[in-house]
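Labels run A, B, C and D following the written order; every chain starts at residue 1.
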Amino acid sequence: MTITAPGTVTSSELLSVVASRELASRRTVFAGIGLPTLATELARLTVAPRIEVVYESGVCGAHPSHLPETIADAVIVSGAEAVLSMPALFGCVLQGGHIDVGFLGAAQIDRWGNLNTSVIGDWENPTVRLPGSGGAIEVMANSREVFVVMRRHNPRSFTGTLDFCTTPGPDRALAEGIRPLGAGVTRVITELGILARVGVGEELRLVAVHPGVTAHQVREATGWDLRVADTVETVPPPSEAELRLLREDVDPDRVYLR
Amino acid sequence: MTITAPGTVTSSELLSVVASRELASRRTVFAGIGLPTLATELARLTVAPRIEVVYESGVCGAHPSHLPETIADAVIVSGAEAVLSMPALFGCVLQGGHIDVGFLGAAQIDRWGNLNTSVIGDWENPTVRLPGSGGAIEVMANSREVFVVMRRHNPRSFTGTLDFCTTPGPDRALAEGIRPLGAGVTRVITELGILARVGVGEELRLVAVHPGVTAHQVREATGWDLRVADTVETVPPPSEAELRLLREDVDPDRVYLR
Amino acid sequence: MERTDTADGPSKVMSMKEAVAAFVHDGATVSIEGFTHLVPTAAGHEIIRQGRKDLTVVRMTADIVVDQMIAAGCVSRLVSSFVGNSSAGSLGELRRRIERADPAPLAFEEYSHYGMVCRYLAGSQRLPFYPLRSYGGSDLPGVNSDLRKVTSPYPGPDGEPEQIYVVPPVNPDVTIIHAQRADRRGNIQIWGLTGIQAEAVYAADKAVVVVEEIVEDEVVRSDPNRTLVPSHAVDAVVVCPRGAHPSFAQGYYDRDNDFYRAWSHISKDPERLRAWLAEWVYGTADHAEYVDKLGEDFWAGLAVGEALSEPVNYGRRL
Amino acid sequence: MERTDTADGPSKVMSMKEAVAAFVHDGATVSIEGFTHLVPTAAGHEIIRQGRKDLTVVRMTADIVVDQMIAAGCVSRLVSSFVGNSSAGSLGELRRRIERADPAPLAFEEYSHYGMVCRYLAGSQRLPFYPLRSYGGSDLPGVNSDLRKVTSPYPGPDGEPEQIYVVPPVNPDVTIIHAQRADRRGNIQIWGLTGIQAEAVYAADKAVVVVEEIVEDEVVRSDPNRTLVPSHAVDAVVVCPRGAHPSFAQGYYDRDNDFYRAWSHISKDPERLRAWLAEWVYGTADHAEYVDKLGEDFWAGLAVGEALSEPVNYGRRL
């Protein structure tokens, strides 16, 4: 557990707060465990009081007594509004088009928001075997938009060429004649700032930096020739109110606020 | 309600008893309401003690307190072993291949065991609009064999040419290149006797007659040139034990023993 | 009525009048599901009262409520897999329409039960089609051009290419179902026969759920597996006790088998059918009046006993 | 053990040893399901004890039990959509096999979660394929030739022909799942997360269900909607309390999150992994010994509270 000095904001806190703000006005979120949990729970207390988290495990409308440790934790089942089978969850809820925002992570992301979670190296003989898609391919194809939260922003993760495209954005799908439902990745939130794109045909662009970070630094940390918005905003630092809610109400035991 | 003189056997009783005997050694039966209910319940008390009835409404392992009035009667739900959704019932149980015998009725049947339950006359401008398939098309395509119980045996119902083929047997399906799971209709039980076929490529043949009925009579009552087995058995009349069970235990209120 | 918003979101509770006015429009495709159990009859009657026209009704078992809606002039097209009065006889109005276009024709799309189930599965899962092992050799594809075939990209059991029939999705403008209970925000719980209701709701653009009763959030949340449809898929919750009559609601009231038998006679005679609608639908302001008119003695005849489920433990770590 | 036949049919209750011996054969395709909840770990351990070889394991979330079975030399092929130790780290043995063929290669078929779900749906419904709106633009079809495309026979939203990916059915020789309770004939009740267990059972030729407890028929029949798998689809019922550890059983015991974290370290070191198997699997005669070895204090740490479902009424007419 990290002991946080008053006034110091950890990377987890920063990413959670920034991601929570992006959830304003969103209704249904498909979230994994960790930073997405923190972001969503904080959003519920701030910008999106009626947000509903849908978990890959089948839980809708969770009312957890503790911060869940996995997407299938018993604490999200007890007292939930509904628990669905996986065919219903993936078929009706996700593929059916009921998810506004899906949260995804990745080992590698490219300029179009395509993701690799399968291998580093060659698929047949990988240097590192990663866990694979899980439900990521379906979250990307069927959510209206996807947010990616990446702790590390460096050229190996933000790469010009994926070692393997596990989870394609809509541009790759359309090139194959398959029409996905949503816009793909619209926000990438990192320790350096925020990349954004609106939808098909558009690359990720740098739209905001954290205080003290320059556009040049972000471009250096990115493995492709990153486009920069005409006006790059500075992300307002986490407010006292946001930090207090996050630290005292959302994750008082610092399960994910590492 | 029919008042039955002792010693007199009604047509419903006869058909139920004969059908029940055919269920010997069968495990799972997909049954509608009426004569199939009587036949199955009697078989449970005689030749097939462990028979399981699966109802189109989703009920498996019913333990009804009363004889059900519909396939969705509350009395088959209370105390049942399982109630499934219709996708599970039709998809996993029926199409999945778990049904040994399906019971079907029809307005018209032809020599191959193809059935019409849609229209008398032309489909676009019918003389009589019948209820349609219900689940019959699926029962025929996916049960290992199908029993048909028909009260009336006459050339209009046993027809050379169906006005419309709602529910095809496997011969018609194979002619179109579609391979059904089961054998189609293997038994037709009527007030005159029993027609049977083994499977693909074979017509229905007269294999048994009720006492006092001749093969000639059955051929006259059939709208096609009915083949007759080399040896036509005489159906043993309902035994006292069978009748007692049927009248006293299965349907004491004579709900279906009209 | 319970219109108060809850801590977790807005109440979706509204009156039947409001729900039908808001979500059932002239010319709409309306799915009405409930397989013998939980037939949303009261909703059908309110559609009749409000005089909706030119509806396409999608319903696996087109039964009494559909015959009534057709007789009231609400329906121009029917999509169904069973057009009959259960095992109790015929639907007089439907047969006159189809057999003699009397007093007007009715367009009819004929399916089998599983064909309809698969249309809802495709609709709810946003699939372009759903495959099923039926229809080979049937005359139905000859009269329903939406029954089509696909060649599997995997070899069949004999190593040769394999063909299979498929059905297209159905995506109604609105689906109406009846349920035993819900919370105010529309988490819907059903037990006993659950049929195709969940998929019919997910397939639709809007969903209206009529319930026997609203319960507190804690009741629903004590048993989340019992929630057949989560609130995110529901647009209106209408409280309408006994709203499934003459169908039944397991644990609430039994099926009115006498009325099913009576309907074959009522519907056979157009005059009698009109008189029935005049008295029981147009002549009642809402379903509460219809229920009162039947009288308490009548309802006592449909009373059910008690057969409570054993509880299960959803407990989590301490 | 409860081996008595019941009035309605034969008991399917048998020991884990008997069930694995009867239904899991060398070279078989074995599906092991349970999505984080109700992972049939004890069954995996018995497969290890009996020294099964050359298995094809089908499992959406290949996690600790799969890593253990691979390490014990039981598995030659894996079909999965997530090969990781939940969010707690890596599977050491699996990574050594795939990254370095150390000590032997492992054939791997990679899917996404819904791809696996659809394979079970196709398998359970006896369909030649199942369509899904995934995989367009992914590199997965390039390394998995079973991901194929079909052209819909209905025009797409733009009026042009529409293509969609499909997956083939999976039909395991045997599916093994863990459940909270069953009756002696194998009517299986599960609550909390139900995952893909029902479809995995229906897709299989044989099904073994491990349960926390056998209950009387009346308990099951008091709540037939809770039966996830009816007895006609089940071949063996194995009573094995705490048999899902380190996974959890809602209402029975919590997840052992510490062990998940520990496994990343244990499995990273082949020596340590072998020692762990020697002590906890080969060194225990059965799961009862494993449970005893962990000790009552340990189990007290995974205890759960009580959160009982409110009953519903299944009452029928009087």
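In the analysis below, a residue touches a chain if its C-beta (ideal position, glycine included) is under 8 Å from a C-beta of that chain, and two chains touch if they have at least 3 such contacts.
What you see is a predicted model, and the numbers here were worked out from it, not measured in a lab.
The chains in contact with subunit B and with subunit D alike are C. The most distant chain from subunit A, with centres taken as the mean of CA atoms, is B. Of the two chain pairs considered here, A-C and B-C, the higher C-beta contact count falls to B-C. Remark: subunit C and subunit D have CA centroids separated by 36 Å (rounded to whole angstrom). The centroid of the Cα atoms in subunit A and the matching centroid in subunit C are 39 Å apart.
Remark: subunit A and subunit D have CA centroids separated by 28 Å (rounded to whole angstrom). Annotation for subunit C: residues touching 2 or more other chains are 121, 126-127, 132-133, 156, 162, 164, 191-192, 194, 198-199, 222, 225, 250, 254, 304, 307, 314-317.
Residue positions of subunit A with contacts to 2 or more other chains are 59, 73-74, 77-79, 83, 91, 95, 142, 181. Checking each pair of chains for touch leaves A-C, A-D, B-C, B-D, C-D.
Of all residues in subunit C, those touching subunit B in their complex are 35-37, 61, 80-84, 86-87, 94-95, 98-99, 110-115, 117, 121, 132-140, 143, 156-157, 162-165, 191-196, 198-199, 248, 250, 254-255, 257, 304, 307.
Remark: subunit A residues 27-28, 50, 52, 54, 59-61, 63, 65-66, 73-75, 77-84, 88, 91-93, 95-98, 142, 181 touch subunit C in the complex.
Against subunit D, in their complex, subunit C makes its touches with residues 126-133, 146, 148-154, 156, 162, 164, 166, 168, 180, 189, 191-192, 194, 219, 222-223, 225-226, 250-252, 254, 302-318. Within the complex formed with subunit C, the residues of subunit B that make contact are 32-34, 56-59, 69-74, 77-79, 83, 85-87, 90-91, 94-95, 114, 118, 123-138, 141-142, 164-181. Considering their complex, residues 8-10, 121, 124-127, 183, 187, 198-199, 202, 217, 220-222, 224-225, 227, 229-233, 314-317 of subunit C touch subunit A.
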